[in-house]
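Sharing a structure here in structure tokens format.
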Amino acid sequence: MTVGSQGLARSRTPHPRRVSVAFLSDRVRYGLIGFLIVIPLWELVVRLGIVKRVTLSAPSIIANTAINDLLVNRELWPHLFQSSQQFFLGLGLALLTGVPLGLSLGLFRRLNYFLDPWLSAIYATPTIALVPIIVLVLGLGLESKIFIVWLEAIFVIVVSTMAGVRAAEARYLDLAKSFRASRWLTFTSVILPSSFPYILTALRLGTTRALVGVVVAEFFAANKGIGFFINFSGTTLRTDRVMLGVIILGLLGVLMGEGVRRLERRFERWRPEFN
Amino acid sequence: MQAGLALEARNVRMEYVDQATGERLLAVDRVDLDIEEGQFVSIVGPSGCGKSTFLKIVNGLFPATDGTIELRRPDHGVAHAMVFQDSSLFPWYTIVDNVAYGLVCQGVPRKEAQARAKPLIDLVSLTGFETKFPYQLSGGMQQRANLARALTVDPEILLMDEPFAALDAQTRELMQAELLRIWNEAHKTVLFITHQIDEAIYLSDRVIVMSARPGRILADIAIDLPRPRKLEIKRSPDFITYADQIWSLIATQLKSHLHEVQAKPGESVA
Amino acid sequence: MGIAIPSQPLRPPQGRIGRLLHNERLILGLAGIVVFLAAWELGSRAGMIDRSFFGRPTGIVEAGIKEVQTPRFWGDFYASVTEFGIGYLLAILLGVPIGLAAGRFRRLQYALDPWLNFFNSLPRIALLPVLVIMFGVFGPGAKIAVVFLGAFFSIVIPTMQGVRTVDRRYVDVARSFDASERLLFRSVVIPSTVPFIITGLRLGIARALIGVVTAELYTQTEGIGVLIRRATELRQGDRALFGVLIFTVSGIVGVEAIRRVEARFQKWRPMTSLERR
């Protein structure tokens, strides 16, 4: 074992002779070992009564509940549907407003200076603190939930996009200028491509934030949705359902994060390295 | 402007304010320079002497504080195009799109621009690399593409800002020979900035020696070596005499401005 | 005839006021603050903005002055500070060593990776209902746990990545001088990882604050979050926004404090051109 810069061994090609012995990479093998320690241990401490069933539930119970709620009585699907609607509408709106705003703030220095104090202040605020006011003003309908998701997601999108415009290198801008590229062409040929990786990062960060927004919105202002399902199950002491909801949320988060990362890699063909 | 001239600079001065200290610095001072059409002229000087700044003024990237620069208005094409120091190819464009960029900037549709870029890609021997991205090319090849990009807009004068500085010694020599071949075929006026004395002599009809900051013209030396030039010419006695002459001019500058050069490293003002 | 390139005289700002007026950023920033505050205040006074929801700037100041004279406020304030302080501190104390270890030992990293990835993608506040069952609604336990979970993953992951991306060249230098493993860690790995740890600390502050607010809104026991909720229910927009403002200020102060720490640790690092601007 050495400390090195190889980073994650994603692209490492296995040695041909070792293929038969270790058809699973170290990454997968040790990942599995982690699971094989945690899951049985969890089951065991609950079965042996070291931890009460209501506090942690247990993997077997959760699996059972999963089969029930997803396949047998299908209770979870409407909640998931409701949540995804809020998620995509909120995130979509955040992208539609946040990316142009971030681009303008990056492009127009004076606009940036003018709005900077407010943006910094809101960026530093945990916007969830505004949730009670939002619910009071917009009510318990879809509007308030979409607004909460939008509010959670937009600022990371704006800030990241803005950083992208700033990251456009002077030498490329000089080049465009020396060829007398129009303002629009400079924007499309230099600034947009330079900031594109940052916009994708904005999408990734926004996704995480939007998911937070969905949960918060449904905790405080819903009678449907995965957040509501988790919260309601908690108050009725159905820990197994809480855990199931949490696991689904986490898996969705992982899935979407991985999706955006794939997108990032795909759109950066021109990049010499992917890290 | 006199007939037969490609560039006429009169009393060019450039001052700027150091953002950190608020100090006013003189980068270029009283530069007079005439370049005849079709001539290859190099400017050499110690680093930080403002030669790159002068080039950027000619290119319109910086405004001069004082003085005038006139360029011949071309019958076709544009007045000037720049070959930058580092390759500065857009990493997000393929080679053909990079080479065609100057034309796209002029409003030529992309497809047509690509078609017109093709002969220039052939000229710089990059045939077959059109759809590659810059990172897939070696440093020398990137600079060829860089040169082709400047040539596609058919400039009256080609401005080159230490284009081979980042290349290794062997590649640099090969690129110098290549540049002379291309220059011979393209019939362009060239203003070439370098800190390499042998490069300047080998390529040029005239070598302008600039002083340490503020940049002034110390000497204007006509290089009377026969063309076409082979790389072997660098070992000829005449070549070495030129090199010694220029080196001694620069060496005195280096000695007298040693402190200043140490205190203010870096070439450009940007 | 030719093309003349225009020359342009250069005029640096003269005198102190001249330079101040030259500072566009400051002036426009102040203008931005003033314009919005004035619009808010006037809109509220003209009845276009409902004060019971959105308050008004002068009202927020008044509410704040009144609020800080009540003992209940200080009780809430103390509760929030405690939750934040204990949760965040625990996250640092556990997050940094675990991150270093996971970065150092590849197998440990592989074993932890799926879990870290899962919890990092999960909005940790979703765990609130379980935590409330575990620790009870009353008392700070559940709230501290959410704050901890919020900050922990933001700290552990960058720390691990920091160790992973140590520049191979420096490792080679240490090895070529036969540095011991411990010395290698101290002289190369830790210094290269510090910027990553600090990034983690900065992200952690934001996440910890989110934890504080959400947990307090959720449990409704005590804390500034409860103050906000109570005030909102009473239609006291000014007072609610005063509560929000406390979080804003905490966020700004926290990030600034981290910046100070960073400056202290990063003396050896040359300023990048971006920072100099």
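Going by the order they are written in, the chains are A, B and C; count residues from 1 in each one.
Note that a contact is a pair of C-beta atoms (placed from the backbone, for glycine too) under 8 Å apart; a residue touches a chain by one contact, two chains touch by 3 or more.
It should be emphasised that the depicted structure is a prediction, and the values quoted were computed from it without experimental measurement.
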{"item": "Third chains touching both chain C and chain B", "value": "A"}
{"item": "Chain whose average C-alpha position is farthest from chain A's own", "value": "B"}
{"item": "Top chain pair, ranked by how many C-beta pairs fall in contact", "value": "A-C"}
{"item": "Geometric centre distance via CA averages, chain B-chain A, whole Å", "value": "48"}
{"item": "Inter-centroid spacing, chain C versus chain A (mean Cα positions, whole Å)", "value": "18"}
{"item": "Multi-chain contact sites of chain A, meaning residues that touch two or more partners", "value": "none"}
{"item": "Multi-chain contact residues (two or more partners), chain B", "value": "60"}
{"item": "Chain A - residues contacting chain B, complex", "value": "170-172, 174-182, 185, 189-190, 193-194, 196, 269-272"}
{"item": "Chain A-facing residues of chain C, complex", "value": "24-25, 27-29, 31-33, 36, 53-54, 103-108, 110-115, 117-119, 121-123, 125-130, 132-134, 163-168, 171, 184-185, 188-189, 206, 209-210, 212-214, 217-218, 225, 228-229, 232-233, 235, 237, 240-241, 243-244, 247-248, 251-252, 255, 274"}
{"item": "Partner chain C, residues of chain A touching it in the complex", "value": "1-5, 7-8, 26-27, 29-31, 33-35, 37-38, 54-56, 109-110, 113-118, 120-122, 124-126, 128-133, 136-137, 166, 208, 211-212, 214-216, 219-220, 227, 230-231, 233-235, 237, 239, 242-243, 245-246, 249-254, 256-257, 275"}
{"item": "Interfacial residue positions of chain B with respect to chain A in the complex", "value": "56, 59-61, 78, 81-82, 84, 86, 88, 90-93, 101-102, 104-106, 133-135, 153, 270"}
